Amino acid sequence: MNPTDIQALLNRVRGGLMSVDEAMLLLGDSSAFERDFAHVDTDRPRRTGQPEAIFGEGKTAEDIIAILRRLHQSDQDGLVTRLDTDKAAHIQDVLPGCEWHQRARVLRYPAPSPRPDRAVRGRIAIVCAGTSDLPVAEEAAVIAEAYGNPVDRYWDVGVSGIHRIMGHAPALQSASAIIVVAGMEGALASVVTGLVSAPVIAVPTSIGYGASFGGISALLGMLNSCAAGVSVVNIDNGFGAAVMADRVNRRMGDT
Amino acid sequence: MNPTDIQALLNRVRGGLMSVDEAMLLLGDSSAFERDFAHVDTDRPRRTGQPEAIFGEGKTAEDIIAILRRLHQSDQDGLVTRLDTDKAAHIQDVLPGCEWHQRARVLRYPAPSPRPDRAVRGRIAIVCAGTSDLPVAEEAAVIAEAYGNPVDRYWDVGVSGIHRIMGHAPALQSASAIIVVAGMEGALASVVTGLVSAPVIAVPTSIGYGASFGGISALLGMLNSCAAGVSVVNIDNGFGAAVMADRVNRRMGDT
Amino acid sequence: MNPTDIQALLNRVRGGLMSVDEAMLLLGDSSAFERDFAHVDTDRPRRTGQPEAIFGEGKTAEDIIAILRRLHQSDQDGLVTRLDTDKAAHIQDVLPGCEWHQRARVLRYPAPSPRPDRAVRGRIAIVCAGTSDLPVAEEAAVIAEAYGNPVDRYWDVGVSGIHRIMGHAPALQSASAIIVVAGMEGALASVVTGLVSAPVIAVPTSIGYGASFGGISALLGMLNSCAAGVSVVNIDNGFGAAVMADRVNRRMGDT
Amino acid sequence: MNPTDIQALLNRVRGGLMSVDEAMLLLGDSSAFERDFAHVDTDRPRRTGQPEAIFGEGKTAEDIIAILRRLHQSDQDGLVTRLDTDKAAHIQDVLPGCEWHQRARVLRYPAPSPRPDRAVRGRIAIVCAGTSDLPVAEEAAVIAEAYGNPVDRYWDVGVSGIHRIMGHAPALQSASAIIVVAGMEGALASVVTGLVSAPVIAVPTSIGYGASFGGISALLGMLNSCAAGVSVVNIDNGFGAAVMADRVNRRMGDT
Amino acid sequence: MNPTDIQALLNRVRGGLMSVDEAMLLLGDSSAFERDFAHVDTDRPRRTGQPEAIFGEGKTAEDIIAILRRLHQSDQDGLVTRLDTDKAAHIQDVLPGCEWHQRARVLRYPAPSPRPDRAVRGRIAIVCAGTSDLPVAEEAAVIAEAYGNPVDRYWDVGVSGIHRIMGHAPALQSASAIIVVAGMEGALASVVTGLVSAPVIAVPTSIGYGASFGGISALLGMLNSCAAGVSVVNIDNGFGAAVMADRVNRRMGDT
Amino acid sequence: MNPTDIQALLNRVRGGLMSVDEAMLLLGDSSAFERDFAHVDTDRPRRTGQPEAIFGEGKTAEDIIAILRRLHQSDQDGLVTRLDTDKAAHIQDVLPGCEWHQRARVLRYPAPSPRPDRAVRGRIAIVCAGTSDLPVAEEAAVIAEAYGNPVDRYWDVGVSGIHRIMGHAPALQSASAIIVVAGMEGALASVVTGLVSAPVIAVPTSIGYGASFGGISALLGMLNSCAAGVSVVNIDNGFGAAVMADRVNRRMGDT
Amino acid sequence: MNPTDIQALLNRVRGGLMSVDEAMLLLGDSSAFERDFAHVDTDRPRRTGQPEAIFGEGKTAEDIIAILRRLHQSDQDGLVTRLDTDKAAHIQDVLPGCEWHQRARVLRYPAPSPRPDRAVRGRIAIVCAGTSDLPVAEEAAVIAEAYGNPVDRYWDVGVSGIHRIMGHAPALQSASAIIVVAGMEGALASVVTGLVSAPVIAVPTSIGYGASFGGISALLGMLNSCAAGVSVVNIDNGFGAAVMADRVNRRMGDT
Amino acid sequence: MNPTDIQALLNRVRGGLMSVDEAMLLLGDSSAFERDFAHVDTDRPRRTGQPEAIFGEGKTAEDIIAILRRLHQSDQDGLVTRLDTDKAAHIQDVLPGCEWHQRARVLRYPAPSPRPDRAVRGRIAIVCAGTSDLPVAEEAAVIAEAYGNPVDRYWDVGVSGIHRIMGHAPALQSASAIIVVAGMEGALASVVTGLVSAPVIAVPTSIGYGASFGGISALLGMLNSCAAGVSVVNIDNGFGAAVMADRVNRRMGDT
């Protein structure tokens, strides 16, 4: 926060237009931050294996910057999902160390200390039905990579041309976890699950129109898959699929 | 209606337990029948190409027998769908000329005059995902055959083992219309439609549990197919799919 | 892509603002295109009888141009549906050979080689309930024509004035396939199906308000039609109806 | 209640198996009845023009008998809807003055004093799409007649054979109110409303299967009718339609 | 259409940017209009008692003007519903004879010949729950008045302060039809129906938030009213309620 | 468990038809019970103020008896809800100290030690719309009384005759909490909440048919009440409403 | 309203562009206001204990100002909820005595006479799952404080880090009522209700995406809580929760 | 099939009451079996790591026996899920080698050759919220064990008493995969996922009533979990969860 902004803020406080707590929050005082606004769960990496991520939609750039700074102070990675380009640009102006992944809509603010290399045993395969599903698939890919997993991408291999996915079956068979991203009827999840022995995490997307009902058709298709060995995350939840896949792969790496 | 039944009926009328109109209906007086109960659409075969069929669910055996007799008098085939075994047995007792198709739950009462052979150009292929979907697929098959179409059956070829349907692609390619019957996520419709150039009629079934919601998941999956060239009929509506396929095939036969 | 654009692109690559793969995609390098972004299904016309079409909604003009060029290189027709006026204008600026159908929101980029005349036996009738349903009906009409079918249009013949459609019954009877487009309660599909022997493809539209729920009322009405011989495509899916009708008609033309 | 029953009841009270209030209720003591169980709205006929009717589903025969007796004591007609055959037989055994309408599932217990003839100006037409919808249509008809309205019945005139309803248009035009009863897609309501100037009351029925969802498809179809001049009651609510039509017709008779 | 516009139009035709049919439509050639765009149902007033009304939402001002002119040529009233202020202003500029009802969002273009006074026997009462429901209630009121009915308005009398509606019971009792407009839980319809003997037409509105689901809660509440004598139109359909009430009232005036 | 049963059980264990753990569970060994089947939360009364209650639906009489015995051993009251008559009779045979509330479908097994009298400040009023809602209302009443609250019952006061509830307003005003039980449209909750200043707990019931969707219409009506001061529990959840009301009333008694 | 506005208004009246009633409404004439637009329920504070609040969404700033002035004239507090920043600023310009709570989106216009201090016995605790739920939680807090209740805030204590809420259990135990605000799956309500004996009022929020369906997942989660002692208000209805909590707390203060 | 049955079968064939194909199917001729009824996917164990399982619901005992025999002939394990007690007893009579797991409703027919011991690295933990959810949890446990995984059971640890699950956190942390089974609001999945770093597979159950809608509330709660690291299978799909967990665990064992 630059001097002009601080001066304006203090004037608003003096004029009764802003409470002291709100001002402290914006000024980054961490005790007020903890008490009034957000309990940043600094214990989480130890407990669940993954740092907290920030859902960017519906948060202001200022809120996000405040939380990123707080994570940075705890020497943790900061990851923001579902960010739009304008807010990303604004955050990068303030925190130049951030990396911005446009198509995935993910911003990463690396922790100050370099993380030790992680011994990972397996690879995560991400399979995407159509080009419109790519933002969700890329979100999964970027998050999985940020957590230290090697990722293989299989784009635009939907079932309307079934030969496209058939050719990749041997490669998919060797992944430690497979994420399948598809909208519309979501049939790709069933086909892939029937081809391999790896655990499959299905991500329905909101791609479609009419009776796709914002992703419900794909969600139901995946939940009702005639092939067993697949489980499902929320519509468009590339992030959640990546965390699940990371947990699976991390188990293998815990040797 | 045999003399004992008639006597019982008249006693019920005299005792005020049955109205005159209901009695006339049961006795088969066609004018009362027409006026009070059912406008049998005897013009339909000429107009739409298919005789009227009777939806057996929720009708009494007596109602069905009355309508079958009425169609027989007009020298039309009588077809009853969604019939249970008990009612079928009762109807066959009264009208011994009926044919009963157990698995399809379809009963047929052939018209008195033999129908002229029909010049049909093409074959109808019926593809069925799982063994639990068979009653619906058989309903479609029996109706299509009753309308004079040659039918090819492909049973238990769901997408969880994708190689099962792949091997049939050349044969399916030559059909004049393909009916795909599937429950759960209904993905088979998309896969078949992407493999062939024939028009595909998809029938979602109510097979499944939990979030399949009595066939909604399959219905939505088929409506949202990523492959174009498929249209959908109501859940479990094997009859409707057969009529649609017959209309397609009949066009080809109108040479 | 003109030199200025390329220069700008390269500067963005050098500055780390664009990945090499994205740059290659925009530059039209087909191997990167195939690997990272879109498996254009160049085998589809041979397999299913129809070229792939591009769903324009949610794609950028740049993405669409890239795919159109790729199809053009394979000597295939390019069809884009659900395009808005601004993107269409931009695409026409870059690819002046495109035809733009405003009301249908369809853009066509003809293949370089003229297509051989197609021997088509029948006509496709398109029946539209109300003036608000016209964009969907026109989408069906333009696509069907693009595939080489003669099309007859019957506009604004909804059931609230039943005489309007009754007068067209003889003409409809002679079509090889009928597409019925209607919103609100979608009753027109049932009335038409009961009048003719041709196969009917019903397209529910999202026209309506309140309890029409974006087309669900019309969709359910059509799926539950009391007349058999009709099947249904997704809400507002004029394109899908045209492909289905083309498959029906093409069968007849395969003499 | 016969002596044996009363004795058994008192024993249950003495044994603590039944509360005094429940016993008084069963014994028909009206003050307990009023206080603990049911506020019979004896003022309703004066206020709303129609006597209270009893929804028979889910009530025991004993409960119904108690309420019928209470109405009888107030010299009011008793009407019971949605009654099954067994309970009706039991009630008729206890209250022999009851009339039983089998198909309509309605039982009527006439008031002790004859009702004065009512000056009714108009007739109520009831139009029914299919034979399976008849119980609902008959419920409407029997209730409307019980309230003193002349009723004309038009049965089995669904839109799959549109000529059936077209021929009745002139007769329908002269009704003071029209009730349209239809299941499946409910399209008959739109067609009738477009043909006449009388107010139309639409009753969706639960007839159908699959995506008819127990009458939702017909309900939505009727609510979204493209023809204005129609309003809708609950699924299978023949009773409610009759009350609405009676209110309309009664206004005309209030000269 | 002024000369400049016509010139521009012809240039677009010559340049291939507009089809001849579209041009004829815009130029108001009625035969093209009839054939290609809209079957204006000029017989409707005779058949159903009400002129056709134009649903303004989603139509361009130009489309509306064309239809209004066509009705005017047939000496019929033109009524447009669901119009926004900007389009209304534009239409009034072109057709200065129009009346604009802001709150009701209804525009009326009176027929050239004055309509004969109508002998109406009864009054229509319109009851509105909250101030946010007023646009729908006013739509009903303006349409009912446009059809020649005297209208009484009862605004802001929702059930959270039940005394507000109780005081109006005697006045409501004398109406020939009552329209009840309410959002949220829609309870006002039940209360009013229990108070009076007039037929009640309930209009659920989309007012509410959260689990009101755009009017579904009010719609279901009204369909499931514990009071009989009420029927329901679509969500926000003030127009439909007015047509229904007019049909009821007109019957009474047909003396 | 009698000797014959035990012998049979042991034979099944020896024959491998039953696991040791299952046998121990049936034999009532509490350590196995705790480990394998049910963590009876004996700390709950201290923590939340109410003992645990047993949901009887879907549990066998044997399961229920086992849990009741376990609670009895901890000197706690046992309450079973949603019990049917047959299972209740069976449990009373085994545990004769149980009280059975037929209409409420609640069984109570009092703790061995008498509970100290509770100092309760206020009364709980329970208001019930129709006679069919009584089982839910009685469940709430019996549970509230079992927890030591005085209860006032107001039965059959639905809004279709609004005067019935209006007369009770002063009495309701003095309650410390009011439970409103209603099905169909659930409007009674709004009317009561607007009349009083006490907190209102609304219980939607599954009473209704057609578009009441098993209580959804009442649930939505109550959630969307235009009157503030009401909150809602699950459909038919008389038990939950009683616990909520007890918590409110207990606060007042904590002096 | 300033002179320029009044002049413009009168010109519109003279030109027929505005009705006299609408003009009187805008001019603030209270009798017209009462008659035509809004029955302000000035008796409500006496009857229900809380003044009427104004739902700001969808109302113009002018409408809100008119109602606030009317309440002010009756010496009542004016509370506006769901207000956006722009309208709030405009209202503060016209009525400078207003207080604006930005995060809660609540504006308060205090009554002219100071309210007597209220004897309140208990405190209201408000527990909020995530930072995105804060606007709803703050709405509840500000309203509860405006009604004179002391409020304790517990922010960002969602169940993904269960230790955060566990530490607050003793403090929560002493509240007279607890409001739990949560989106997504809404699990926090179950956890809190199981920890304490105070009555819990749950507020589902529309926070979430995909299958959260605008708050339906949280709403259903709270309605189906496995812990008893919780009831639920509408999605995002912080205001309703505060009124319910105030009613509970007020009971305790009525000593 | 015993001689009497075969004789009866042949008589039905001779009498035209059964087709030859159906007879062959019942006689167990494997070629007809393969062609007409069921493509048993004997390649599946090699491809996906798990043998095919038979969904018992809706299949006759005879169908199940035929498939079990077919698997036995291929030296594969046969697993039947969702079997009821009567059919299980019948199957055990015919195939005495079957094991029957009553609570899990799972029947297993071991392959003739003993399976080699499997090197499994990790354990699967199964956590179950309430006693009513046990059948689903046991299905998961029995299947996971049948596939060779060691399983730890944590029963009756729902969130209404949060301390029950908290004590198990360290043990859960060491599992290679955790299956969480819960009905009602399904909150247990969120709490567990926040406590551990293992991948969590959530199974919603249909336990609940009212607005739980047969498991939808739990399903939505789990899909919308505020904790990442969890994915979801279909309602009541204990089998699917076990297959997913086995795939995860098997990856770890592939050393």
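We call the chains A, B, C, D, E, F, G and H, going by the order they appear; numbering starts again at 1 in every chain.
Note that in this section contacts are C-beta pairs under 8 Å (C-beta built on N, C-alpha and C of every residue); 3 or more make two chains touch, one makes a residue touch a chain.
For clarity, every value in this text was computed on a predicted model and none was experimentally measured.
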If you tally contacting C-beta pairs, which comes out ahead, E-F or C-E? Let me know. E-F
Which one of G-H, A-B or D-E makes the same contacts as F-G, at least in over half of the residue pairs? D-E
In whole angstrom, the CA-centroid distance of subunit A from subunit G equals 34
Please tell me the distance, in whole Å, between the geometric centres of subunit C and subunit F computed from their C-alpha atoms. 57
Of all the residues in subunit D, which ones touch at least 2 other chains? 160-161, 193-195, 210-212, 216, 219, 223-224, 227, 234
Per the touch rule above, enumerate the chain pairs that touch, sorted by label. A-B, A-C, A-G, A-H, B-C, B-D, B-H, C-D, C-E, D-E, D-F, E-F, E-G, F-G, F-H, G-H
Per the contact definition, I'd like the list of subunit H residues that touch subunit B in the complex. 22, 36-39, 41, 43-44, 55, 57-59, 63, 82, 204, 206, 214-216, 219, 234-237
Give the list of subunit E residues in touch with subunit G in this complex. 100, 102-103, 131-132, 134, 153, 155-157, 160-161, 163-164, 207, 209-212
Interfacial residue positions of subunit C with respect to subunit D in the complex: 129-130, 158-162, 166, 184-187, 190-191, 193-195, 208, 210-213, 216-218, 220-227
Subunit C touches which residues of subunit B in the complex? 47-50, 53, 122, 176-177, 193-202, 219, 223-224, 227-235, 239-241, 243-244, 247-248, 250-252
